[in-house]
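Here the structure is laid out as structure tokens; the discussion comes afterwards.
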Amino acid sequence: MSIFIDGRTRLLVQGITGRDGSFHTRQMAEYGTRVVAGVTPGKGGQTFDAGAVRVPIFNTVADAAEATGANVSVIYVPPLFAADAMMEAAEAGIPLVVCITEGVPVLDMTRVYPFIRDHGARLIGPNCPGLITPGVCKVGIIPGRICTPGSVGLVSRSGTLTYEVVNQLTRVGLGQTTCVGIGGDPINGTNFIDCLAAFEADPATTAVVMIGEIGGTDEQDAARFVAERMTKPVIGFIAGRTAPPGRRMGHAGAIISGSTGTAAEKVQAMTDAGIPVADRPADVVPLLRERLDASVRR
Amino acid sequence: MSIFIDGRTRLLVQGITGRDGSFHTRQMAEYGTRVVAGVTPGKGGQTFDAGAVRVPIFNTVADAAEATGANVSVIYVPPLFAADAMMEAAEAGIPLVVCITEGVPVLDMTRVYPFIRDHGARLIGPNCPGLITPGVCKVGIIPGRICTPGSVGLVSRSGTLTYEVVNQLTRVGLGQTTCVGIGGDPINGTNFIDCLAAFEADPATTAVVMIGEIGGTDEQDAARFVAERMTKPVIGFIAGRTAPPGRRMGHAGAIISGSTGTAAEKVQAMTDAGIPVADRPADVVPLLRERLDASVRR
Amino acid sequence: MNIHEYQAKELLRQSGIPVQPGAVATTPAEAEAIAQQYGGAVVVKAQVHAGGRGKAGGVKLARTPAEARAAAERILGMSIKGLVVQRVLVAQAADIASEAYVGIIIDRASKRPVVMVSPAGGMDIEEVAASTPERIRRLAVDTRYGLQSFEAMELAFFLYPDVRQARAAARILRQLYNAFMEHGASLAEINPLVTTPAGDLVAVDAKISVDDNELERHPDLAALRDESAEAPSETEARRANLTFIKLEGNVGCVVNGAGLAMATMDLVKHYGGEPANFLDIGGSSNPDKVVSALRIITRDRAVRVILFNIFGGITRTDDVATGIVAAIRQSPLTVPIVIRLTGTNEEEAVRILAGAGLSAMTDMDEAVRAAVSLVGAGKAA
Amino acid sequence: MNIHEYQAKELLRQSGIPVQPGAVATTPAEAEAIAQQYGGAVVVKAQVHAGGRGKAGGVKLARTPAEARAAAERILGMSIKGLVVQRVLVAQAADIASEAYVGIIIDRASKRPVVMVSPAGGMDIEEVAASTPERIRRLAVDTRYGLQSFEAMELAFFLYPDVRQARAAARILRQLYNAFMEHGASLAEINPLVTTPAGDLVAVDAKISVDDNELERHPDLAALRDESAEAPSETEARRANLTFIKLEGNVGCVVNGAGLAMATMDLVKHYGGEPANFLDIGGSSNPDKVVSALRIITRDRAVRVILFNIFGGITRTDDVATGIVAAIRQSPLTVPIVIRLTGTNEEEAVRILAGAGLSAMTDMDEAVRAAVSLVGAGKAA
């Protein structure tokens, strides 16, 4: 079992013929993901050679969804076109939209967010590495070979830091149900709580690692959620403990949220919620082991 | 009993110090309606003399709603300010908003309609005479003396034509639970079906008169609703049987709806649904009597 | 409010849409000069608020400036559906590879603006809808988001398989949508949207109607109104804030409220009469409005009887009575008048009318029957 | 991207907001000429991207043109928080009855732009938030509808009991919101929004930051960038598409990905070191980016050791290795370098580095410890 993607995932790639889109389509197909359609306006009717399969290309997501029954879309289009691509996918009835694109203007996201919600879809990202259900299906850019199937869920705001942690889990044999990179942009579609709730509901997941960073209050909200609603052990890590204050968000954001979004504040909130927080990435594995052992003993 | 408004109605008047607003506030108060607040920006803190009561004036609907617990708002502001007024009322949490103003731009309504829906409010109008629960409460401009309490529900797209029919009902002793004028604009907040469903659910209403006119497909949709969902007798009237085609809507509207919105089409749909349709306003009363007698006999 | 083709094209041009070049002429000499300036063939088109200009001979191709002059000579002053042509548009003739239709209107059912496109351009879209409905594609736009790029592309691909043309059409659709919203339009269409042999898109005919309720917000658009292109009764009615539609019968109707006005017309027919007009004096009418209404009605020589049907709510019936008396004092009636009024200040109204020797009824049915029976009698009531 | 006060004011002026008149001078003579032209008292203000200009002596009142010249002489060339003043704004001094704050930023929690207003204008809004939070009112704007009139009025009444001023403020708030959206801003504020003794509102200081991600869409705004007001390393980093923030330590870090970069800095601290910078080379990095990164880092004289931490995903580690080798060939390093790389094309990367006599580690912890232990050693690894 897993969250969000599994063996029934039928993937559509928006921007399939672009530089990043074509490269990662091949990677995803090679990993075993069922890539059923691609979209590049003007190339409708052509096919894309993804190695193992030839993927039909369509002019629009609506056409692609109708013809192929795609149920997940992953977006690799340039930043100024990403908002339109996300909304196109939601409008076409795709229930899960994953946007890899980095550099999407935040004001675009103030329109995309309600649009996605109005359409009952889930958005992961933008500016995220996507997600992977090891051994089954990968949507995005997380390197497949650093993952292995297992029972740990992982959710992270970061890209390469996720790889770092997943890699350590895999090296010691702690496989994963699903690893989700939710992205670090100020406005994104899916937050920690969404993923934690999904992991809590997923019978195959026995523990969760959450990797946060400075800025915003998402980790604090997640900590409260863990304390109040979760039965499974959660281990945390927060990047940016030594970051100088105010360099990412500016002061005004802090005024609004009533929080400066510092690492200290987040670590405190997580500790208060009973979440062990690793000091170093290398401490995640021992902390996780400890909690898993404790669970078993209980 | 009644629909939408009753003895618990606490009315707020937007544009209370304007020409129409001040006149009708006095009329409504005199009729016994509980007018609890008025809004005129810049006159916050003053009071309005409504004869029987002095009504406190506020600068904003939010202030008024918070201070007085108003649960219905009626709007008498100039047409170009009406959209803002309707949205202000909905945003302030007023569950029923009645807009009397005529001449609201239809593009304004394309924004107001989803806004009202997003806020879970009900809008009646714009360009409508409002509604009255005879003997209890009146919101809008329907003359109180032509109504009398009873068990007939009335819903109409028209203003004075409504008065004509209500007057005839009253003259022969057929009193009304509630009379609702939904307005004749291309985009309005509440349609026939909304009112028919409310009358069907209202134990005090035993029969309904619906008064339609040419344009759109609201009457046809309502006819289907009556056939499928209503147990109470419904009598109809359609104005505009002799109107030249295409003078109100233009051809393109008809293309969209797949209908020309003619009176003949509407009368046919209603007849097909088992709704007796009066040829003249004066025929409404005999038709209604006939159906009521039939109901009693059943 | 309708505006002329040349005005609509100017608005579209301002929105960035590629529009066939053209200029307006009010004389044959001006038309010739414009043709001279463009060099090649031009099309001379009557600027009137009426459909079917082509069939009426109001659109002519001219290969030379002299032909343009001759065409303008024939078209200017021509009457199309009762409207005299005062201006022609002299436009560069476009080379046409194909023609499409794109338009936007308000849809009551979805409560949204709806964009319609069809590859069957140049034809009346009504005809396309009737004969080949599958050649029209519609999209209801959520105004909270506007017409999105992807939506415009979906529509554009329905018109053009070629991606370059589809992109150009998508851009035009979004510009048209923006123009529609910005100008408070109730209709905006480009028909035909021409593809040239080189593959470029250009708007060759355009129509925009502006919601009258928006005009106060758009004084620049209100200024585009061409009263010379309207019937004088329409102009007067609009200025007096009355809704007036001329019909073919002889019973002149003055009513308060559109629904009651239609019901009154229906009842006139029911009793075998023919309404001469739809006239709604609206709510909160003052005596001046009534005077204007009577002036408009009596100008119609077909009218044989005047029927007032007033149900006073906001409308004070005494105001109406005062208006009737004032109008008759200004110019005595030459046809009979039947007055039905009931409601607000009814007693006062009856008193005012009696003072001028007029009587009033209170029942609508009775009044309509009386008016119809008076048609042909030709004497004052 | 930050723009200068005078640029922000020009944008607000274009949006219709009443702005204090002013003009930019780059010399004392120009400042005098501007003051001469305005006649009365002026304020001479340093145009730098730094807060606290007033406390630093960068804002001076001048009663005469001569005083304006003298003020400009003192301010031009002055260094404020390390930034040299190249321009001054010479603005007509405003008569002040009261001061308010109005601003808009993006709020992560509501995922909307939030409008903030406070009658405590002229102060740092952070200070107001800390000391008298009840004097700030916030509104999260639903961008699907925009800032509505009634919302603007609610905020405006919080600032001004007088309806005339409230209406003027509501108009300014909507204009500010439109400017914010139109220019792709991440921050737009007017502080103070001054009420004159006559009761008029005027923007006396303004600040706008534009989302860097929007600049491609707004070439006119991108052109407002003042590179003379930036540190050279920031300019170079931006041009190379690197995210670089200078810090106070001596361990120069080059990392791919912001999260990993922060985690690397944290680990440096954890082992007793001090990071000299945050530097994210991003995904899909090419060798040129790495060369730029090394050039930026080595320019910092405080750096005693260079630490690469690369986890190859999209980033190919062989590209990074190629870049390192190329940079060292161009200008040999004078400080030791520690390289950790793992992931995509790792074997090839190791081979490339070995060819230049460099070795690489695969464990992050180990690499960071090694780098920290090398601080002070001063010799190449």
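Every chain is named by a letter (A, B, C and D) in the order it is written, and numbering of its residues begins at 1.
Here is the rule we go by: contacts are C-beta pairs under 8 Å (C-beta built on N, C-alpha and C of every residue); 3 or more make two chains touch, one makes a residue touch a chain.
What you see is a predicted model; the values in this text were computed from it and never measured.
Leaving out chain C, the touch network of the other chains stays one piece. Counting C-beta pairs in contact across A-C and across B-C gives the higher total for B-C.
Of all chains, the one whose Cα centroid sits at the greatest distance from that of chain A is C. Chain C and chain D have CA centres that are 55 Å apart.
Averaging C-alpha coordinates per chain places the centre of chain A 28 Å away from that of chain D. Shown for chain D are the residues that touch two or more other chains, namely 144-145. Of all residues in chain B, those touching 2 or more other chains are 111, listed in ascending order. Judged by the touch criterion defined above, the protein chains form a pattern that is neither an open path, a ring nor a star, and not fully connected either. By the document's touch criterion, interfaces exist between A-C, A-D, B-C, B-D, C-D. Contact residues of chain A toward chain D in the complex are 20, 79-80, 102-107, 109-111, 113-114, 129, 141-143, 146, 156-164, 167, 184, 186-187, 211, 213-218, 237, 239-244, 247, 250-257, 263, 279-282. Residues of chain C touching chain A in their complex: 145, 148-151, 153-154, 157, 163-164, 166-167. Those residues of chain D that touch chain A in the complex are listed here as 103, 105-109, 111-114, 116, 125-126, 129, 136, 138, 142-144, 181, 184-187, 189, 209, 211, 213-214, 216-217, 245, 247, 255-260, 262-263, 265-270, 275, 278, 282-284, 311-315, 342-344, 364-365. The part of chain B that touches chain D in the complex is made up of residues 41-42, 44, 59-62, 81, 84-85, 87-88, 91, 111, 115. Note for the complex: chain D touches chain C at residues 144-145.
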